[in-house]
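See the structures that follow.
Next, two complexes with chain A in common: one pairs it with chain B, the other with chain C.
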Partner chain A sequence: MKAERRWRSWRPAAGPLFGLAAVLALFAVDPELRAIFFSGSNAKLVLTQTVIVAVGALGMTLVIVSGGIDLSAGSVVALTGVVAASLLVAAVPPVLVVILTLAAGALIGFVNGSIIAWGRMIPFIVTLGMMGVARGLAKWLGNNQTVNPADNSLNLLMEPRQPLQFFPLPPGVWLAAGLAAAMAVVMSRTIFGRQVFAIGSNEEAARLCGIPVRRRKIAIYALAGLFFGMSGLLQYSRLTQGDPTVAFGLELEIIAAVVIGGASLNGGSGSIVGSVIGALIMAVLKSGSGQLNWPTYMQEIVIGAVIVLAVGLDRLREWRTGR
Partner chain B sequence: MKHYGWLLLAALWAAGCGAPVDEAAEGEPAALRIAVIPKGTTHEFWRSVEAGARKAEQESGGRIRVFWKGPLREDDRDQQIQVVEQFMAQRVAGIVLAPLDSQALVRPVATARKAGIPTVIIDSGLQSDQLVSFVATDNFKGGEMAGTYLAELMGGKGQAILLRYAVGSASTEQREAGFLNALQAWPEIRLISSDQYAGPTRETAYQASQNLLHRFGREVEGIFCVNENSTIGMTKALREIGRAAGQVKLVGFDAGSQSIKDLKNGDVQGLIVQDPLRMGYEGVKTLVRYLDGGVVDERIDTGVTLVTESNLEDPDVRPLLYPPLERYLP
Partner chain C sequence: MAVSRLRLAGVVRSFGATRALRGVDFELAPGEVHALIGENGAGKSTLIKIVGGILRADAGVVELDGKPYRPANPLSARRRGIAVIHQELSLAPDLSVEENVLLGREPRRFGFVATGQRRRQARQALAQLGREAMDLRRPVRELGLAEQQMVEIARALVDRPRALLMDEPTSSLTRLDTQRLFEAISRLKQAGVSVIYVSHFLEECRQVADRYTVLRDGRSVATGEMSRVTFGELVRAMAGEDSGEFRRRTERPPGDVVFELDRICGKTLPREVSLSLRRGEILGIAGLVGAGRTETLRVCFGLDALRGGRLRVKGRWDRGRSPRGRLRQGVGYVSESRKEEGLLLERSVADNLTLTRLEPCSRWGFIDRSAQNRAASRWIDELSVSAAGPRQSVRELSGGNQQKIAIGRLLHHDADILLLDEPTRGIDVGSRFRIYRLIHELAEQGRAVLLASSYLPELLGICDRIAVMRRGELVADRPVACWNESRLLAAAAGEGNETHES
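After this line comes the complex of A and B, so read on.
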C-alpha cells in the first residue's frame, strides 16, 4: 500500500525524468565533452544556474495547476531584485531585506489575485498588465540604472565558493531544494493543495463543493508572488546588483519548465517534482550546448524544439496509457 | 518507468566520472584554449574584435585555439555570467572578456581566477583586482583629441555643444570628461549646452539633436557627439535646419558606414575612431604572454585616431574604417 502510494506521487514525474535522462545521454555521446560535463564542478554550475527558474517554477506550478497563468513573473523577479538592492544601499539589515523583498513579491501577487478573483478578469490579461507595471516600477525604483550595494551577506546566497568541486553548494541551491520539498508536501498532502487541484479541474464544481474559490485564488497568486520574490533575491545575489532589465522573458522559461514537468495549461494537473526536473532539463540543455560550442542561435533552436518535443512525448505517453 | 530513469541517470553519471580526463594527444602538447567573450555578437564592432582574436589565433600556428561566444541575448548580464561559467567548466586556459557591467561580472571573474583561469578584460572596465590586464581604448584621450581638434576648427572661439550619451556608461563619460578637459585650454570657447543625453538608439539621438538645435541651432558653431548614433542623429538634424556642410563644425566618435559617408560629403569634420581589431588581437596576445609566464602591463591602450576628410584614405587609417574582416573570419 505504502509503496503504491509512493509510486502514485512519483508517477507524474516519470515523463520529465525520462526527458532529463535523454538530454543527459545526448551530452554523453561525445567523449571529450563527457569528461567535462559529468563532473562535480559542472553539476554544481548547472544546479546554480537552475535555481532561479526552479524557485519561480514552484510558484508558477501552483498558478498553472489552478488553471491560471502568471506572465508577470520575470518582471517581478527584476523588481524584487531592485527592491533588495535598494534596501541594501539604504543599509537595512539583510534579514529585514529578505522579509521586505518577499513581501514585495507577495504584494504584487496579491494585487494580481485580487483583480483576477474580484474583477472576474482572465489571468492572462491581468498578469500581462502587471508584467509592464512591475518592469516599469523596477526601472523607476532603480532610476533607469543598476543598483549596486556594498558587499553584504546576501551576496553569498549564490556564491560558488570552491569552483572546482561539488561541495560546498551555494546556500541558494539548498534553499531551493528545501522550498521544493515543502511545496511538494503542500500540493499533495494538504487541504489547500487539493483545493488548488480542484479549482483547476473544475472551478464551478469546486465552488459548489464549498471551496472559497476567490480567497484561494488570491492566496495562490500571492504565494506565487512570494516565490518570484525569492527568485528575485537569488537573481540579485547572482548579479550582486539590482538590474531593472534582468530576467526579460524569464516568465516564459518558467512556464516552459512547468509544462515540460507535465502540467497542463488547462489546469488540474502538474507536479512540483516535475516542474523542478523541467527547470533542470533546460539548464542542462543550455549548459551542454554551450560547452559543445554550438553557436547561440543553434542553442535557441534546439531548446525551443526540445520544449515542444518533451511535452509532445509526454502527451503521447498519457494517451497510450489511457489517461 | 521511474526505475529506468534513475538507473539511466546513475549509469550516465558514473560513466562520465570514470572517463579518462586527459585529452592531449601523445607527444604533441595540447593547444592553449582561449575563450573570447564579447558583449554581443551582431554589432560590427564585435565582428572586428573577433577578427583580431582570430588573427592572433592564425599567427600562433595552431598553438592557441580561440573560442568565440557572446551572451545569448545582448545586454543580458546574467547570460554573460553563464557564458563565463560554461567556459570555466570547460577548463579553458584563460578568458578574454568584454564585461557588460563593471560590477555584475566581478564575481564570475574572481571565481574563474580561483579555478586557476586568468582573465584579460577588454573594451570596458571591471571594478576588480583579479584581472590580468585591461586592454582598451583610452577614451579620455579620445575625448581630449576631439576637444582640441574642434577648438582649432572653431578658431579658438565661439559657442559649442557637447551631446552626451547616457548616465552611467563609463566609456562615454570618459570621452565627455576628456572633451571638457581639453576645452579648459580655450577660454574663449563657451559651452552653451552640455547636459543633454542622446540615449541608446539612433532615433533617441536624433530627437535629442532636433530639440537641442531648435533651441541653439542659430548660435552654435561647434558640436561634439560622443558615439556613433549621436553623431549620425546630429548630422541629420543639422542638415534639416540647413547648417550642415561645415557651417557648424561637427566632431563625432566611432565610424560606421553612415558616418563615413557624412565625413566624405563634408557634413562631419572629424571622427575619433577606435581600433577594435587591435583590441581583440592584443587581448589574446596579452593573455598568452601571461600564461607563458611573461610580464604584462596592467593597462594597454589600443589607440585612438582622428580621421578627417584629408587622411581617410591613408594606408594606416583605411583599415580602421574598413577592417579586413574577411581575411580573418571564417
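After this line comes the complex of A and C, so read on.
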C-alpha cells in the first residue's frame, strides 16, 4: 500500500525519466563520446543550457495543466531580457532590476490572463497576439539593437567560472532547481495548485464547486509571465546583453519540454518534475548530437521526432492501462 | 407533517413563446424520498433547474423550510442546503477521489491543503453512502460509473444538505449498482435528508420513493403516497388522454427485407437489438432518454463501433462498416442534431444537397456549378422547400426546411434505407406534417425507413410497426395497431412485463 502510494506520486514522471535514461544511454554507447559527454564540464554546460527552457517550462506547466497555452513565452523572454539590460544601463541597482524585470513579465501574463478570463477568448489567439506585441515592444525598447550594460553582478548568474569542472555550478542552475522544487510543492500540495488541476480537468465542474475560475486563470497566466521574466533574466545573464531578437521560437521548445514531460494539451495532467526532465532531454539531445558533429538539420529532425515519439509512447501507455 | 422542507405552489416558467411550466405544485417533507415523474418534455428538467438555482421562476411561490427561496445561482442554492446531482457527472477526472469530494471546499492551512483533514472529511462523506473502503487517492477516471456517482453524491453531502435532488441517477448504472444507490438513499433518509428523485423508470421510483408527483405538459397532475398507487395509474397520469393527432397511414404492400439487425451491441449502448426492416415499411423505435435509440442508429450507420452481432444490408451480412461504406450500400442517416452534425450551415442549399455525391455535378474533379444548381433545384421542387434558390445559405432557412435539405441529401445520394433520428425535433407543427407526408411518400416509393423518436404521438401516427427499447435492449416489436400511448410508456418504463396493469 505504502509502496503503491509512492509509486503513484512518481508515476507521472516515470515515462520522462525513462526517456532521459534512454537518451543518455544512446550517447554512452560510443566509448570515445562517452568520455567527453559524461565529463563534469559537459554536464555543467548541459545544465546551464537547460536552465532557460526549464524555468520557462515551470510557468508553462501551470498554464498547460489549466488547459491553456502561452505562445508569448519566447517574446516575453526577449522583452524582459531587454528590460533588464536597459535598467542596468540606467544604473538601477541590480536588486531593483530583478524585481522590475519579474514585474514586467508578470504584467504581460496578467494582461494575457485578463483578456482570456474576461474576454472569453481562447488562449491560443490571445497569446499569439501577445507574442507579436511583446516582440515589438522589445525591439522598440532596444531601438532595434542589442542593449549592452557595463559589467555587473547579474552577469554572474550564468557565468560558468571554472568551465573545466562540474562545481561550482552557476547560481542560475541552483536558482532554477530551487524554483522547480517550490513549484512542485505548489502544484501538488497547495489549494491553488490543485485548483489549477481541477480547472484543466473539468472547468465546468470547477465552477460548479465554487472555484473562482476567472481569478485563478489570471493568476495562472501572471505567474507564468513571472517565470518567463525569470527566464529572460537568465537569458540576459548568459549573453550579458539584452537582445530583442533572441529566444525566437523558444515558446515551442518550452511547450515541447512540458509535453515530453507528460502533460496533456487538453489540460488536467502534467507535472513539474516531468517538465524539467523534458527540458533536460532536449538539452542532452542537442549537446550529444553536437558532440557527434551532426549537422544542425539532423538535430532538428531528431528532436522533432523525439517530441512525437515521447507523446506517442505516453498515449500508448495510457491506452494500455485501460483508458 | 409540520413545515415542508421545500414547497412550490403555482410555479410558472416560459422560454419565449413556449410555456415549460404552467403551474406546478410540489411539496417535499423532511426526510422523505419523493419521486418526480413525467414524460420527456413534461417540465421536469425546468423544475430541477429552478430548485437548483440555474433558472428562476416567472411566477409562483417557492419556499424552503417555510422561508421564501429564490437562489440567484447554483452556489447560493448550495449554501441554502439544496444539492443537485445532475445527470451528467461533473467530476474532474484527473483528480483523486478525495480531491473531487472536497473540490472548492478544501480544508486549508496557510494556503496548503490540510491533507489529513481532507481525507477525514472525504472518508466521512463516503461513509454515509457505505463507501468507507474506497481508495481515496485513486484518480476518478479509473473508477467505474457507479463509483463516480458515489463520489459526486459524497461531494454534495459535504455541505450537509437539507435536500438532495437527483436527476436520472440510474440512467447509466447497472441493476446491481442501482440497488447500491438505493441503499445509500435510504441511509440518507434515516439521517433526515430529503431526496427528490427524478427518473423515467417507474419501477425504480416505486421501490425507492415514499411519495410521488406526476408532471404532464408543465403541470403537476397527480401526487400522493407511492404505496397507494398502481403502476397503471402512474402511466395513465403521465400519458394523459390518448391523442390521435396524425393518424393518416397509407396502405403499402410490404416488400422484401432489406435491412436486418442480429443481436447487435455497441460499446455501452445498444446492448442487444434485433430487428428486420422491409421495403416500403416505416419502423419506429420508441424508448426513454438513455434507452439507446440514437446509439442504435449510430451503430447501424457505422458512426459508433459494432462490438457484437451482425447486420444485413440487401442480403449481405457484415460486422460493421464505415459511414462511407454504408452510404455506398444506400444507407442514409439524418442525425438528431442536424445543426451540429448534419448540415453545413454556412454553405448553400446546393452544396448541402450534393455533398455526399458530387460526381454527377462535376467534371474531372471540378465542380460544375450549373449542374449542381440543376440538381439542387430539382430537390427543392420535389421536397417543396421554401428557399430563395439553390445558392441560399442553409442557415437562413427555417428548421423544417433545413430538415428537408438533410433528408434531400440522402435522396440525392439515392439512399433507399433511411435512418432518421428525431426528424421533427425543434420543428413547428405545420412543418412537422409536411415532414410526415414526405416520409410517407418515401416509403411509397419503396424505401425503408427506420425512425427513432421520443414523441409518441408521432410514432403512433406514421409508423407501420413500433419497436420499444429499454436500457439498451429491444424489448417489444409489434404492429402499430397493437400499441397506444400508455402501452408504449409501460413497455419503455416498466421493469417487468409491460402488460401488468391492475
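Keep this in mind: the second predicted complex is superposed on the first by the 316 of 323 C-alpha atoms of A that agree within 3 Å, B and C clash if a C-alpha of one lies under 4 Å from a C-alpha of the other, contacts with A are read in each partner's own complex, and residues count from 1 in each chain.
Assume a contact is a pair of C-beta atoms (placed from the backbone, for glycine too) under 8 Å apart; a residue touches a chain by one contact, two chains touch by 3 or more.
Given the structure is predicted, the values throughout are model-derived calculations rather than measurements.
J.: Evaluate whether chain B and chain C can sit on chain A together after superposition, giving fit or clash.
T.: Fit: chain B and chain C sit side by side once superposed on chain A.
J.: Go through the superposed model and pick first if A:Ser41 touches only chain B, second if only chain C, both, or neither.
T.: In the superposed model, A:Ser41 contacts chain B only, not chain C.
J.: Can you report the vertex angle at chain A, computed from the C-alpha centres of the three chains with chain B and chain C as the arms, to the nearest 10 degrees?
T.: 130
J.: Does chain B (first) or chain C (second) touch A:Val82, or do both, or does neither?
T.: It touches nothing on chain B or chain C.
J.: More residues of chain A are touched by which chain, chain B or chain C?
T.: Comparing touch counts on chain A for chain B and chain C gives B.
J.: In the superposed arrangement, does A:Glu204 touch chain B (first), chain C (second), both or neither?
T.: second
J.: Between chain B (first) and chain C (second), which, if any, makes contact with A:Ile108: first, second, both or neither?
T.: Neither chain B nor chain C is touched by A:Ile108.
J.: Determine, under the contact definition given at the top, whether A:Ala14 touches first (chain B), second (chain C), both, or neither.
T.: Touch status of A:Ala14: first partner only.
J.: Quick check on the superposed pair: does A:Leu179 touch chain B, chain C, both, or neither? Answer first, second, both or neither.
T.: neither
J.: After the superposition on A, what does A:Ile307 contact: first (chain B), second (chain C), both or neither?
T.: A:Ile307: touches no partner chain.
J.: Of all C-alpha distances between chain B and chain C after superposition, which is the least, in Å?
T.: Checking C-alpha atoms only, chain B sits 19 Å from chain C at its nearest point.
J.: Considering the complex alone, what residue numbers of chain A touch chain C?
T.: Chain A residues touching chain C: 5, 8, 189-192, 194, 197-198, 200-202, 204-206, 208-211, 268-269, 322-323.
J.: Chain A touches which residues of chain C in the complex?
T.: 74-75, 78, 90-95, 99, 103-106, 108, 111-113, 115, 137, 141-142, 155
J.: Which of the residues in chain A come into contact with chain B in the complex?
T.: Within the complex, chain A touches chain B at residues 7, 10-11, 13-15, 17-18, 20-21, 24-25, 28, 31-32, 34-39, 41-42, 45, 48-49, 144-146, 148, 155, 159-160, 162-164, 235, 238-241, 243, 245-249, 286-287, 290-291, 293, 296, 299-300.
J.: Per the contact definition, I'd like the list of chain B residues that touch chain A in the complex.
T.: Result: residues 1-2, 4-6, 8-9, 12-13, 15-17, 19-21, 23, 41, 67, 69-73, 75-78, 81-83, 85-86, 88-91, 101, 103-104, 106-107, 111-112, 114-116, 167-168 of chain B touch chain A.
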